[in-house]
Structure formats: structure tokens, C-alpha cells
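Shared between the two complexes below is chain A, which pairs with chain B and chain C, respectively.
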Partner chain A sequence: MKIPYYPGCTLKTTAKNFEDTTLAISNVLGIELIELPRWNCCGTVYSLASDDLMHQLAPIRNLIRVQEMGYNNVTTLCSMCYNTLEQANQLVKGDPEKLEKMNSFMDQEEDYTGEVTVVHYLTLLQKEIGFENLPVKVPLTGLTVVPYYGCLLLRPEEISIDNPEKPTIMAELLTVLGADVADHPYKLECCGSYHTVNYKDVVCEKTYNILNSARKRGAEAVVLSCPLCEFNLDVRQKDLKKELAPMPILYFSQLLALSLGLDDSLEFDQHYVNPEPLLKEKGLLR
Partner chain B sequence: MIPKIAEDTTLLEKVEELSGEKVYSCHKCGKCSAGCPIGAAMDLRPHQVIEFIQANDWNVLNSRTIWLCASCFQCAVRCPKDVDLTKVMEALRLLILREDADQVEICTLTREDLEQLPPIALVSNFRKSTG
Partner chain C sequence: MVKEKEKEKGKEQKPKMIEVYIMGKEYEVPQGLTIMKAMEYAGYRFIRGSGCRAGFCGACGTIFRKKGEYKFRTALACQTTVEDGMYLTELPFVPANKAVYDMEELTPGPNSIVSLYPEIARCVSCNTCTKACPQDLQVMDFVQAALRGDIAKAAELSFDCLQCGLCAARCPADIVHYHVAQLARRLYGKYISPISEHLEERNTEINAGKFDEEMEKLTQLNSEELKKLYTERDVET
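Coming up: the complex of A and B.
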């Protein structure tokens, strides 16, 4: 299958490993990701004010790019991009007056008709490929992981990729890959998000609580889908005031690539806590 | 700070206009405060912010809480009265940001921060903390 792909800024920089592993997986699974031409930053956060249409233009402009390509769906990896694109999309789908105003403001663009659907890559794997059909070559036997969903894949409810209070999508995927999946009470709890810029202590407190809880439930690694959560849970470990044994943080795509035998696509140099020793100890990586 | 706009309107009216939420629907069950992941660091708990608005008390704008709210939508998902407190918090922030009172100065960030922080961290922070 072919599907337009919106990468977003961070997938080209601090989360290049997330993009590269996903491209490698897609290649094996027969998913052709077509990167949007001339995509722009989505704004990263959905604008919540009723009178602020200016900040809805960036996400909608990207959906116009999809429309120009002749498609009615687009996939993305970053939780923040997914959330911003889909919330803006639902806003204009439900409010023709606002859509008309934005279309007339963007008079150099073709009108957005509100017919594009934003699909997170996890949903694409679940619905279009089916987790049970994944050609697993290297089962993740003996590796205990916990999924960490954070906020923006699940909330608000209208854009949730799963049950917003009891999600199972990542656990289902990881179970199919052969990992032992533990549950933990902090899987939905915000990591502190952008406070990592100017309230670092708040984020460190969250990081400690989330990872400590995961550790108590037996986790050897935490699996997620958001490059900002990744930064806060991984890189902020060096700033913790309380002692905590290093916890590897992995994108779901990295474990999927590993289990599909795509070792060559894995890049661990962008991690603060290197997951390689753990994966070697488990016999999953040469 | 109390914005200039306070001379022409009430806090309740302005917040309801900007957020599109009915603040008086809140019946103070406290679920928002119970579930807030950053509540422990706040000077006012989320449900207390609502009480300030109901009382038209502009001093709520001096609270750390409105800047500590990270728009995680946990309160919005759990509210039994469908008051989206995430939008209410955004409205309060905008009352300050629209009077040109930025909360973060980019020039004070260290080179190390700028080099290692993901673009989404910086962009979202500036979107929420500057006007």
C-alpha cells in the first residue's frame, strides 16, 4: 500500500532513529511511505483558544499538501504531530465557517475540503497490516518491557488511537513480537512535556516517578512513540536528583525493526542510556 | 498581573469567550485535581482555578498553576461535566501573553539546551509561553 507520510521537524533531527527504523520496517511490510512535498511544522501543540485561527493554518496547510497528492489519508509517527494535525482537522471538519475563513486567508492554496484522515502509524500497523501478520524473525523472548503512552496519542478522547484510559495497542504489538509486557500505573501520565525547557525540575520528578514505577513492575526497557517523551524519559535521566539505575527507552519501531531482523537500521547513538548492552545480554542483538 | 482588559470585561466572561467552555457547569468534584500529573507542583489546584474564575477574581493570573499546566488533557478526559479545563487554562495564559508578557526568554537558554532539546520541545514551549 502507498500512503502519504508527514515526518515533522523532530523526526529529521533528534528522532532520526525513529524515522529510519520506521522506513526500514515499512519497506519489509510493503508500506510505501511518500513524504509530503513542502511540508511545514505543524505547530506542535493544538491551539485551544476559540478565536485563534492563525495557529490552525500550519496543520491545515499540511493536509492541503495531502489533498494535492490525490490522497485522502496521511500517516505520522510523532505523537505531537498526530495530535495537532488531527485536532485541527476535526475542528475544521465540524465548523464550516472557520474552514471557509481559513481557506479564504490561504488564497494561494487550493481550498481544503476536509476529507483527509490522519492515521497514526501504530493504527496503520494494527488495522492495515494486522499485528498478527507481522513476519517476526527474532522474537523478543525474555525481554520485559512496559509501554508508555503519555498524553497525545490518547487525549482528548476524540482523537484517541485507543481507549484513552485503558489503552492496549502498544502492549498488543509488543506481545506479538514476543516480549513480556508488564503493566504500570504511570503509562498514561504526562512526562511534563515542554516544561523540559524552563521547568526542568518538574520534568525530572515526573521522569523519576514514571521510570521508578516501571522498574518496580519488572521493566527492563520502556517503549514509546513520542520524541518529546523519549527526550524527557531518556536524556533527563542524567539530571535526576534521586538515584535510579539507568533505564533504556526505545521507540516501538526500534523493537519492531529488531524483531523483523533489521539490525542494520538500528541506530543507538542518539540515546542517552544505550539499550545495546541489554539487548545483547538477551541475545537479541549480535 | 491584572491585564488592561479587566477594565472592560469580567474574568468569567472573557474566559468563557476564549475557551468556549461553561465554567459554571463545574460542580467541584475535584477529579481534575486528583488526576493532574503536575498538581503537586502547583500553588492552586486545578479545581481552585475554576473557583477563582467563578468568583471573577483576576488574581488567578498570578498563579504558577496556569504556566505549569502542560495541556495533557487528563482533566478534560475525566471531567464528568464536560468542562475542558485544558482550554480554560489556555484562556488564562492568553490573557497575559496577549499583553506581551512572555514567560520565557529565548536568549537565556544555554547553548547546551538549544543543541540537545528536540525541536518539538522548543516550539511547543514558545507556543505556550510567549505571545
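Coming up: the complex of A and C.
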């Protein structure tokens, strides 16, 4: 299948490993990701002010780019990009007056018709490929992981990729890959998000609570889909005030690539806590 | 009859005059002049805000409005002809912020541009800059590329920038697109684009004095000898 792909800024820099592993997986699964030839920042954070249309231009402009390609769907990896694009999409789909105002402002583009669907890559795997159809070559046997969803894939409910209170999508995927999946109460907890810039302590406390909870339930690694969560849970481990054994943080795409036998593009050097020793110990990595 | 007589006069025929408004005041100017020449015709004299008069230097950014339109338009005053009922002014200078940096100390990375111009993170993708560009560049796209650290793309998309500053003058986020793009091109040129090996070789040859003797000979020739040499030179066909 072919589908337009919106990368977002982080996937091209600090989360290059997230993008590269996904491209490798897609190649094997027959998903042709067509990167939008022109794209801009997703808007970074969805603006909650109902009349602040200026900050809705960025996400809607990206959806116009999809429309220009002749498609009515687009997939993305970053949880924040997914959230911002889809929330803005829902806003204009439900409010023709706002859409008209934005279309008349963006008078050099074609009008957005409100017909594009934003699909998170996890949903694409689940619905279009089916987790059970994944050609697993290296089962992640003996590796205990916890999925960490954070906020942006699930909230608000209207854009949630799964049950917003009891999500199972990542657990289902990881189970198919052969990992032991532990549940933990902090899987929906906010990581502290962009407070990491000005209020590092807030994020450190969150990181400690989330990782400590995961560790107590036997997790050897935490799996997620958001570059900002990754940064906060991974890099902030060096600033923790309380002691905690290093916890590897991985993108779901890295574990999927590993289990499909694609271990050339994992790029573990982008992580603060190196997952290699753990994966080698489990015999999953040469 | 009258028309034919006018035709016979040929060169003496007066150009058609049109009305324009320069800084709000009405003037009659001949049709077909550029905005810059129309303003000079009306009596203005440019000692700044005018340079090459050929659309290359970017000194004469201008803002105007056409009859019956609500939109502000932007252009180079030396490249745009006046129309009847135009409202004109010139914009001699854009007092935009310009970062100070030492190219030797910069490293090309995802944050090398945003750290010198943090305001690019304020871009909301409104595209006003792109609409303002007299060179028809994808201005918003190169600012977005700079924001995500894609220096090569920012350099490529901004290659034809004349630094007129109209983008910055119109930006609601106070971004200085043209200076941002210049930094991208500098980073690209110095650190990213492949090194031209033949240029390096030639520089070595020059520094080693390979051409000194020949140069010395040339400086001793008179103009006749030089002309002869020039006309008889090898020309690639």
C-alpha cells in the first residue's frame, strides 16, 4: 500500500532512529511511505484557544499538502505531530465557519476540504497489516517490557488511537513480537512534556515515578512512540535526584525492526541509556 | 483624422499619462515607467533604496496597492511598472535584527540556526513571507527547513534571495528570513557542500607561484599587445 508520510521536525534530527527503523519496517511490510514533498512544522502544540486560528494554520496547511498529492490519508509517527494534526483536523471538520476563514486566509493554496484522515503508524500496522501478520524472525523471548503511551496518542478521546483509559495497542504489538509485556499504572502519566526546557525538576520527578513503577513490575525496557517522551524518560535519567538503575527507552519501531531481523538501522547511539547490553544479554542482538 | 495626424508625427507623440499616488499625493506619470522611475519623474531623488536598477541588488523593496484592491503587494521598485491608480511608496531599509557570529566557530547541526535566530520557532506557517517575496521563493519553506535543521534545503530554497527584506517586514512573528537564509547558505558553503578538488589544486598551484612568471609578463605589455593577445586567445567552442 502507498500512503503519504508526514515526518515532523524531530524525526529528521534527534529521533532519526525512529524514522529510519520505521522506513526499514515499511519496506519489508510493503508499505510505501511517500514523504510529503513540502511540509512545515505540525504546530508543535495544539492551541486550545478556540479563536486562535493563526496557530491552526500549520497543521491544516500540512493536510492541504496531502490533498495536493491526491490522497485522503496521511500517516505520522511522532505522537505530538499526530495529536496536533488530528486535533486541528477535527476542529475544522466540525466547524465550517472556522475552516472557511482559514481557507480564505490561505489564498495561495487550494481550499482544505476536510477530507483527509490522519492515521498514526501504530493504527496503520494494526488495521492495514494486522499485528498477527507481522513476519517475526527474531521473537523477543525473555525480554520484559512495558508500553508507555503518555498523553498524546490517547487524549482527547476524539482523537485517541485506542481506548483512552485502557489502551492495549502497544501491548498487543509487543506480545506478537514475543516479548513479555507487563502492565503498570503510570503508562498514561504525562512525562512533563516541554517543561523539560524550563522546569527540569518537574520532569525528573515524573521520569522517576514512571520508570520506578515500570521497574517494580519487572520491566527491563520501556517502549513508546513519542520523541519528547523519549527524551524526558531517557536523557533526564542523568539528572534524577533519586537513585534508579538505568532503564533503556525504545521506540516501538526499534523493537519491531529487531524482531523482523532488521538490525542494521537501530541507531542506539541516539539514546542516553544504551539498550545494547540488555538486548545482547537476551541474545537478541549479535 | 486626428488619430492619423498623430501617427504621422511619430516620435513626437506624447506617452499616455496615468495617475498614481505617491505617499498619498496624486501625480501624473507616463505609462510604462517602473515604480522607481515614476517616483523620480515625480521629483523624488533616491540616495538610498536604489542600487543596480536591474533586479539584482535588492535595495529597492517596495510596498504598493493596486486600484480597487485591498491587498498590499510587494515588489522591487526597479522591476515593476506602474499602473493607473496605484498607491506607491518605497521602503528604503528594513531595520532587521542580524545575529553576529564567527563562521570558524560554528558547527553545522540541527540547532545551529535556531540557536542564533531563536525567533524562527515562532513561525506559525502563515506563509505571509512567501507572498511578499519579489523573487517568488518558497520563503516559509526555507524558514521551516532552517527550523528543523535542514541546512542544505534552506540553502537550496533560498539560493536566489536578494536580501531585500520584504519578508521580514511583513512577518507577524518578526522572523528575519533573509538573514536566516544567509546563515544557512554560509553553513552549507563552508561545511556541507562537497569540496571542489580542482579548486583546491588550483589554489595550491597559485600559492606555489606557478603563474607568477606569466602574470609578470602580462603586466609588462602595453594595451595594443594586450588587445592582440585577447583577440587571439584560445576560445572553447
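Going forward, the second predicted complex is superposed on the first by the 286 of 286 C-alpha atoms of A that agree within 3 Å, B and C clash if a C-alpha of one lies under 4 Å from a C-alpha of the other, contacts with A are read in each partner's own complex, and residues count from 1 in each chain.
In the analysis below, contacts are C-beta pairs under 8 Å (C-beta built on N, C-alpha and C of every residue); 3 or more make two chains touch, one makes a residue touch a chain.
Predicted, not measured: the structure shown is a model, and the values here were computed from it.
> Clash or fit: what happens to chain B and chain C when chain A is overlaid?
fit
> For A:His55, decide between first (touching chain B), second (touching chain C), both and neither.
both
> With the two complexes superposed on chain A, say which partner A:Cys41 touches: chain B (first), chain C (second), both, or neither.
After superposing on A, A:Cys41 lies in contact with both chain B and chain C.
> For A:Leu23, decide between first (touching chain B), second (touching chain C), both and neither.
Touch partners of A:Leu23: none, neither chain B nor chain C.
> Applying the document's definition of touch, where does A:Gln108 land relative to chain B and chain C: first, second, both, or neither?
A:Gln108 sits against chain C, while chain B stays out of touch.
> Once both structures sit on chain A, report the angle chain B, chain A, chain C from C-alpha centres, rounded to the nearest 10 degrees.
So the C-alpha centres give an angle of 80 degrees.
> Based on the superposed arrangement, let me know which partner A:Thr14 touches: chain B (first), chain C (second), both, or neither?
After superposing on A, A:Thr14 lies in contact with both chain B and chain C.
> Is A:Val136 touching anything from chain B or chain C once the two structures are fitted on A? First, second, both or neither.
neither
> Touching A:Val202 in the superposition: chain B (first), chain C (second), both, neither?
first
> Looking at chain A, does chain B or chain C touch a larger number of its residues?
Tallying touched residues of chain A, the top partner is B.
> How far apart, in Å, are the nearest Cα atoms of chain B and chain C after the overlay?
6
> Residue overlap on chain A between the chain B contact set and the chain C contact set?
Looking at chain A, the two contact sets intersect at 9, 13-14, 41, 43, 55.
> Mind pulling up the chain C residues that touch chain A in the complex?
110, 123-127, 130-131, 138, 140-141, 144, 147-150, 172
> Show me the residue ranges of chain B that touch chain A in the complex, using the header's touch definition.
17-20, 37-38, 40-41, 68, 70-74, 76-77, 84, 86-87, 90-91, 94, 103-104, 109, 113, 116-125, 127-129
> Show me the residue ranges of chain A that touch chain C in the complex, using the header's touch definition.
Residues in contact with chain C: 9, 12-14, 38-41, 43, 54-55, 57-58, 61, 105-106, 108-109.
> If we count contacts the way the header does, which residues on chain A are in touch with chain B in the complex?
Touch residues, chain A against chain B: 8-10, 13-15, 41, 43-45, 47-52, 55, 78, 80, 151-152, 154-157, 164-165, 188-190, 192-199, 202, 205-206, 227-228, 231, 235.
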